[in-house]
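In the two complexes below, chain A is the common chain; its partner is chain B in one and chain C in the other.
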Partner chain A sequence: MSTATDSRGMFGLALRRFRRHRLALGSAAALVVLAVLAVAAPLVEAALGVDSGVVDLFNRFAPATAAHPLGTDELGRDVLVRLLYGGRVSLLVGLVTALAAAVIGTIVGLIAGFYGGRVDGLLMRFTDGVIALPLLPLLIVLAALDLEKVGLPAAFVQSENVSLYRIIAIVALVGWTTVARLVRGAALTLREADFVLAAHAQGAGALRIMAVHILPNLISPIIVATTLSVGSVILLESVLSFLGLGIQPPIPSWGNLLTNAQELIWTAPALAFYPGILIFVTVIAFNFLGDGLQDALDPKAMEGR
Partner chain B sequence: MEPARESPNAPSDAILEVRGLEVTFATDRGAVKAADGVSFDLKPGLTLGLVGESGCGKTVTALALLRLVPPPGRITGGRVLFGGEDLLALSERAMEDIRGKRISMVFQEPTTAFNPVLTIGDQIAEALIIHGGAGRAEAHAAAVGMLDKVGIPDPAERAGTYPHQMSGGMRQRAMIAMALICRPDILIADEPTTALDVTIQAQILDLMGAMQREFGVAILFISHDLAVISEMADEVMVMYAGRVVERAPADALLAHPLHPYTQGLIETLPRHGVGRGRLPAIPGTVPDLGALPDGCRFSDRCPLADDGCRAADPPLTRAPGGRWVACYKAAP
Partner chain C sequence: MTRFLATRVAQSVIVLALMSFAIYALIGLMPGDPIDLMISADPKMTPEDAARLRALYGVDKPVVERYANWLMAALGGDLGYSRLYAAPVLDVLLPALGNTLILLGLTLVLSLAIGLPAGVVAALRPYSRTDYAINLFAFAGISVPAFWLGLLLIIVFAVILGVLPAGGTETVGGAGFWDQAKYLVLPVVNLTLASVGGHTRYMRAAMMETLRQDYIRTARAKGAGRARVVLGHALRNAMIPVVTIIALQFGYLFSGALITETIFAYPGMGKLIFDSIMGNDFNLALVALLFATLVTLVGNLLADVAYAWLDPRIAYR
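Let's turn to the complex of A and B:
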């Protein structure tokens, strides 16, 4: 009698719990709308009949009109379309970086937790070291690094998107520590589980036990941690871009749109307001979403409240 | 102790010969031997019962055969001869090829021995994929076939369910299917029925007997429950504080135990129609392995112990009827 409802499994139950979480649901909806609009930026551009790449000095700081729903910036470019393109970059950086950091952290944490002992000690001291690095100066140094001298091909270094790749790599290389610690702690517990002993007794090797038996048990906390970290990555990207070390113009990101607006804060405060509010909404939405996922995937955490 | 004196007149048909197995745990108070000079044979199609109280070294002995003793435990001596090869001398990689394929294990708690996030079918099929190089579909079909053999209804549908969707008895059946999927030569069953209801327990014992007849597998059956052992085993080995104290054919051991500890264990069995009132109990508890009494380890609980028992540890010696016992006072 129980199989009919049970067979939808844990994810069915999680979905039902998630749907009761209004704030997380709203956040998910907001993020989906933002993402769809960002992906559809060229379509919006075409529909409005504007070209955000073209400078039009006769049309600077134009008020909102039908063609420019949010007006134009100091070079006469459409603000709405620039914001959407910026959202593309900021969301992409946030998601890709959080994923890359989660992958690195999961691998480090799994190895440390599964093998324990000296391996664990070594990897965790290394993690502690990365955590203890003064982040901002390090990022500034890394961002100023001449990639051609590191040995990367010139064509790659001079490509327009290199600042994008650079920021993803930099933030992922320092951002994996949270997931590594989380995964390591859980793996330390799980390796003592009976089913891990049973898998050993079936002849499974270390790699197989880590990938097939331990990792699937950690998916929920990893998803939650990754979701929560997207918000902080977007913030960090905006900070770096604001300092001029992140995404380089003319590629717009919410961070460098904010930098531009800095000088114009008295003439055109709206130009700072729009990217600021988008960063705020996105970061907070990812945080609500992460909380909601946590409660949905791990009901025990909610009972404790 | 000399392993040579312990070794029985080993019949050549034994598939596994364990000689002088020693497992040591490093503790705060020094090294402690959880298994000390354990020797026995397993024969195809026959069951060796291993009985003793909690903490006497049964599970450690079983795990040592697969070289899965958890740290800080370590195998510090003896040989485990399987098909003429000493398993203790193999590389870890070669040992992985033996686990699950030639020697497999059924655990006490089917609830925790299955991975909660993988389907039953995937977990049963895993050993085939690891060892047989079988494809997913092929292994899955074999898993369904095995579930059918162990008496699970709707095996094709059941293979797709998760462990928590099954009852305890079903899970233990599935565990037996998992252990037997590669047709191993040896099955180690560590208290396979302890976590189950009495009625389910009988079904699982029947199933194990049937599987043994079908596959000719040798079984090492571990239990603290002499009643369960008496149903399953052809030969019984009694362990106390890391030592084998008595080994004998099951019928002979139950009818006429030689070691005072075995006698105590048998007296604690409730018997139908015999006597009333309180069941007898063996006084005291298993000694702390870090603080064993001098001489015979059972001497502080033994009604027959004298100064000789407390002076020297009795070796496992031959007794009439293919039996072995480690006691100076063994009833002749």
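Let's turn to the complex of A and C:
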């Protein structure tokens, strides 16, 4: 590798390597397009001159027309606009949950990796335990809990968005393990680094060393793990919503748009296709993106290739 | 080895005990209780009757006390009665467990038979066209929503082509091995497609890491043939982490089984757990969830044993 490229610095190098990963690049573009369309859902709705909230029983299962580019659903609502509104919710839930899970995972991993020894053993046994559990059945129980019995105020429990907060909380509760393991592994190496020793020698406290000296060096694995976990979070949200336990109608999500699909499979198989393909494209794009970021940010990838 | 095994078994028992309490407490937090169900079945019941019944069945006691009572009964072999199926819990559970083990077993065999060779082939020529194609399929398998894939399989093979049944286990009246096998095809294919991608990726990563080792270079240098280096030296070492990961993935596979069984109306543990939670069948849900945890813990235990057995460098502590 020539020194000319090295002078561009770490981010320049990472960007250069990332650009070579065509799938990741394409995925990033696809995600941006999806996100923009989802954010612009009301504009699309207005442009088409339809109202996706209005039930029109005389216009059920309408084929694709200029006003309804993807036709209408079992209640005569525009499929395209409902997909876009569903995308808003699914993407938002995916990102927020992955971030929340990353925060939990970073804290657990940082503490385990920094202290090592017994603390590490205990925390990692716990993490392994969570990974090994049959998660979906447990998530179904968590999704079915009576929130008033848990002790949350009734006003909150009856609010319309409660299914949104609930799914974010329970998926984050089980989704932090990947980040925790990666962060722990990296922190375990870093605690032996000379600059950490120097910080110790200067009398810095444990909290300061973790936050100021170790955490900034963990940004790469955290970014990679978070990106990869957005995909699995969206998959979990969609299956729970599909089963009727996640996002509750009238809030649309890609998962709950498929809830009725199985009953309608003989009359309108196309309705079962669209939300699923959007979930698939989004998840695979996040996975390619994570893979590309891993190659780009991993210092080991600098040698060769 | 015995000491190592004993420690791991003891750990698993502790985890199971903790999980049984956690699940018991969680089930208690679900909407309604058995007395609410009785009230809804009998509109003439007064609040006093309900309070009396709550005291009689001990529903009003603190959760720790109720758990202790349940545990004593369970250890004595009384796992309770399923409300939904009107039968003792074990009578409902064991056939479902059998069905799920058939589904998971067939899936695991098929998915390993495809995923492991694919991973090895990809690792032998990294960043080639073949590797690229295999990776693409693996990523697709990891990213596809399993329930949607199930719907697509039903649309294609049951609705459009009409060659395979959309769900169930056998044609009414027309029992027989081949008839039942036909009903297994789509669920097994569904679950295999959803898990083969992961196996391929693990195998590829482990194999690439192994091929980079010095002893592989040594084997090549001393003139060992390509097949011998790959199969004799590299594959055996690469299998160590792969075996562990696959056994650790048992919980993941079980989650997949829940989706597949629900979509294809396949009467296994996953569908049973889902139906019992949805139908307020607390006894059944509790025991079914514990069985699911037990199955996964046994899977993890096997992973540890396999790891220790495959890799002599691990000290049996």
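Things to note:
As a working rule, the second predicted complex is superposed on the first by the 291 of 305 C-alpha atoms of A that agree within 3 Å, B and C clash if a C-alpha of one lies under 4 Å from a C-alpha of the other, contacts with A are read in each partner's own complex, and residues count from 1 in each chain.
In this text, a contact is a pair of C-beta atoms (placed from the backbone, for glycine too) under 8 Å apart; a residue touches a chain by one contact, two chains touch by 3 or more.
Just so it is clear, the structure is predicted and the values come from calculations on it, not from any experiment.
The superposed arrangement places chain B and chain C next to each other on chain A without a clash. When both complexes are overlaid on chain A, the residue A:216 reaches chain B alone and has no touch with chain C. Of the two partner chains placed around the shared chain by superposition, chain C is the only one that A:280 touches, whereas chain B remains out of contact. When the shared chain is aligned, chain B comes close enough to touch A:208, but chain C does not. With both structures placed on the common chain, the touch criterion links A:135 to chain C but leaves chain B unconnected. Once the two structures are superposed, chain B and chain C can be ranked by residues of chain A touched, with C on top. In the superposition on chain A, no contact is made by A:155 with either chain B or chain C.
Once the two complexes are overlaid on the shared chain, A:36 sits clear of chain B and of chain C alike.
Seen from the CA centre of chain A, chain B and chain C lie at an angle of 100° in the overlaid model, rounded to the nearest 10. Note on the superposed arrangement: chain B and chain C approach each other to a least C-alpha distance of 16 Å. Applying the stated touch rule to the two superposed structures, the chain B and chain C interfaces on chain A have no residue in common.
Considering their complex, residues 2-3, 6-7, 9-10, 192-195, 197-205, 208, 212-213, 216-217, 219 of chain A touch chain B.
On chain C, the positions that touch chain A within their shared complex are 11, 15, 19, 23, 26-32, 127, 139-140, 142-149, 151-152, 154-155, 159, 248, 250-252, 254-256, 258-259, 262-263, 270, 273-274, 277-278, 285, 288-289, 292-293, 295-297, 299-300. Across the complex, chain A is touched by residues 66, 68, 70, 93, 96-101, 104-105, 107, 109, 112-118, 126-127, 130-131, 161-162, 164-165, 178 of chain B. For chain A in complex with chain C, the touching residues are 125, 128-129, 131-138, 140-142, 144-146, 149-150, 231, 235, 238-239, 242-243, 258, 261-262, 265-266, 269, 272-273, 275-276, 279-280, 283-284, 287-288, 291, 305.
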